[in-house]
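Next come the structures, one after another.
The following pair of complexes shares a single chain, chain A, combined with chain B in the former and chain C in the latter.
What follows is the complex of A and B.
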């Protein structure tokens, strides 16, 4: 989206929805917004920058655990804890990205997959700091200046998070840096010849998108008021990848469509096939890669082009 | 001493399983450049094949194991036919089949989960349950069977690559796809055979390991991770590297669990740390790939 008015309008509409929903619907709505946020930043990493990484949910988890540990166990004030948690994500992302971006092709996938699994192992073994397999629970969002953000007001925080992520990525994608990312994705040698440093571009893209995932994780931590290792495992990392590919990688609209579709699909499918909706995810994923590599957004683009072409013919 | 030797036998056996999984990756990666994360799920499918034939239908082991391996050849061939070949023929980037196979990973797992439910299913060992003691060396029958049969598989594969024309054509494709195609090697056929062979080896490993851990629909991902860790340690270029990587992984893992004073849960992170270390320090693995000889 380009205009400030557009963002403002979207913020008002999406926030207004928060006030008419029941508690169960609020929960679904909040998680839908968070999935969209994650899909947007993952799309920048995978679709725009072309890095196959399985670590996005790990940074979501690092953000969530950091904010909870800092505010409850260390009793830091919320604003300071947010800054510190963002820094933790950035440092962790640098530690992963600096060596891992040296690796060609699927080795980055392997390294981030190992990192993601290692994170879950550490969470499970973290004792009282991470709460082990049960995770952390029984905490609340700290007060800021005597105020505690709850109910629909907290949903607005998530709306702002999502639109903020979109705005950052929208600007980034159209900047010199965004073009450099796409150049490195499509042809690193040619990009280097044009004066773009492929490694540095990959590292910066990785750190920015991982930090955005971490920020989303901090917001998530106070949605359920519980964090546990299962949420941040590989299952959800795969699901996120499927969302971006099915929606159409490299496109913001595609990421949103993929996230909405795959998040809501189980609600439609569960009455029909129980818990086996993952089978449908897998099949749709395979079919998308085989027959519609541009994703659903590509389908929409080609339909629009065809209509424009036929309209052009009928009125010569 | 006795303890050490017993641990050695069990580490050798797990190392063989990891080595077989690494070999399954290698058979496909080497000629095609495609890394197939569904290898672990193929091991899981093989394990359930073992459950159906050996436990449910009580087919004798000597007949049941080859049957499972044959079925896996069909699974591998079919997977390649449906999800890899259309993309290769279209000239899609190499990432596309990797992603399609990632989708297949979920499809395989969910099909088995729908068919067999979430409970673990028993798969018998080749020689029944029992302990074999040869002087100081002792271990379960299954451990010795795993070690012996893995050695046979590796010798067979090595012989195939070194001594048969078809095997040489695999190596030729691995070294230079274009030159191999110009020499009249059928790339599509080599790819199909690579996937069939990969599935056979993975399924074989699945049946073997299921005697120790039972067949379970979630067993695939750990197998996949162990397999590619072994592959990265040994190097993607050489058949011997797969076995070497598997053994190094298993020995490190088991000796740390046994002798290092860290909790058992943290020990699960050992292979992951090993994988990350190797990726950072020596991403080409211990053994170097063969290059074209002038």
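What follows is the complex of A and C.
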């Protein structure tokens, strides 16, 4: 979105919804917003920058665990803990990206897959620091200046996070940096000839999107008030990839559509066909990749172009 | 013309395993001149081109640009110093419009940090607007004005070549490298291309042209270097080159091409 008014309007509407929902609906709504946030930043990494990385959900986990450990075990004040957790994500992203971006496509996928697995192992073996397989629970969001943000007010925090992520990525995508990312994705050799450093561009895109995932993880930590290794496993990392592909990789709107559709699909299908919804999910995925690799947003664009073309013919 | 050449190539050599593709090449290029490099197939033209463009590291020798060594620098550093190139096989960025393609060429000329971009500061907005305006001017200069918002897939091959040129000019080059620009173009497109290249040199940009098409090159270049088996066998004006015995011998299998040129 371009205009400030647009963001303000969206913030008001999405925040207003928070006040009319029951507790179960609130939980679904909050997680939907978080999935959209993650899909937006993953779209920048996978769709815009063209990096097939499976570490995005891991950074979500690093953000979540970091904020909990820093505020509960170390008793750091929340603002300081947020800054520190962002730094942890940035450093971790650099540690992964600097060697991994030397590798092309397939190998980056393998390296980030290994990193994602390593993270889950570390969580399971982390003893009292990570709480092992049971994770960490029984904590609450710390107070800031005597105030504890809860209920619909915390949902507003998530709305702001989502819109803030969208604003940052929207601006980056339309800047010289966004063009450099797409240039490197399209043709690294030509990009380098235009003065774009392909490796540096990949690293910066990886760090920015991973840090945004970490930030979303910090917010998530106080949604369920429990974090455990299962949440941050590979299953969700793949779901995120599918969301971006189904929606249409490279497009913000596509990421939002994909996240909404795939997150809500089980809620709609489960009452109808129970656990078979996973089967439908798999089928939809295969069909989408085979017949509509541009995603739903691509379908929308081609329909619009076709309508514009036929309108042009009828009025010569 | 300044007293020191913009580009100074000394002892440039490149070996691929047992093959000496380029050996001990020496030449200068000056601002505002069109320098042509020709030679039969396998003479080392492309290897020479790629070394000067920064896509290939020389095995020996030096490339000095504006008094500074540039050989061994990464490819993207060449553009930052003012050496821009076109590709023989057009390499547009397919996901972008013509305008955006040209704006990528401006990458090294946009001085605006990512913090400014994220905060959408006036400086960032100005940089973006200025880049779009400059790109539009260059697109008009090469004659693609009507295609400015077009998908690059809809361009013809010749238009794609013009896009390559606009994109390279966007980097504000002081040395422009053309890799067989006439290859695959129709005669009328060649005429248009020659006009564009002359206009670029007239702006004071040094033009280095590697070309297979002798007729095209001879009509355009002020000075020509002839390569054969990786070595320079002649250097001079097109008129001198046409009658040079070494050149005639090198092109013996293609004497017709030489006399027609």
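By definition in this document, the second predicted complex is superposed on the first by the 315 of 316 C-alpha atoms of A that agree within 3 Å, B and C clash if a C-alpha of one lies under 4 Å from a C-alpha of the other, contacts with A are read in each partner's own complex, and residues count from 1 in each chain.
In this text, contacts are C-beta pairs under 8 Å (C-beta built on N, C-alpha and C of every residue); 3 or more make two chains touch, one makes a residue touch a chain.
Just so it is clear, the structure is predicted and the values come from calculations on it, not from any experiment.
J.: Which holds for A:25: it touches chain B only (first), chain C only (second), both, or neither?
T.: Neither partner.
J.: Looking at the overlay, does A:302 come into contact with chain B only (first), chain C only (second), both, or neither?
T.: In the superposition, A:302 touches no partner, neither chain B nor chain C.
J.: Once the structures are superposed on A, label A:270 by its partner contacts, choosing first (chain B), second (chain C), both or neither.
T.: So A:270 meets neither chain B nor chain C here.
J.: Is the number of chain A residues in contact higher for chain B or for chain C?
T.: Counted on chain A, the partner with more touching residues turns out to be B.
J.: A:172 in the overlay: touching chain B, chain C, both, or neither? Say first, second, both or neither.
T.: Only chain C is touched by A:172; chain B is not.
J.: So, A:180: does it touch chain B (first), chain C (second), both, or neither?
T.: Only chain C; A:180 stays clear of chain B.
J.: Which partner does A:115 reach: the first (chain B), the second (chain C), both, or neither?
T.: first
J.: Would you tell me the residues on chain A in contact with chain B in one complex that are also in contact with chain C in the other?
T.: None.
J.: Which residues, counting only chain C, touch chain A once they are in their complex?
T.: Those in contact with chain A are residues 53-55, 74-76, 78-80, 84-85, 87, 91-96, 100, 103-108, 110, 112, 114, 117-118, 120, 124, 127-128, 131, 167-168, 171.
J.: So in the complex, which bits of chain B are touching chain A?
T.: Residues in contact with chain A: 35, 83, 86-87, 92, 94-96, 98-100, 102-107, 109-111, 113-114, 221, 225, 228-229, 232, 263, 265-266, 268-269, 272-273, 275-276, 279-280, 283.
J.: Flag every residue of chain A that touches chain C in the complex, lowest number first.
T.: That would be residues 168, 171-172, 174-177, 179-180, 182-183, 185-187, 189-198, 204, 208, 250 of chain A.
J.: Under the definition above, what is the set of chain A residues touching chain B in their complex?
T.: 52, 99-100, 102-103, 105-107, 109-111, 113-115, 117-118, 121-122, 124-125, 234, 238, 241-242, 245, 276, 278-279, 281-283, 285-286, 289-290, 293
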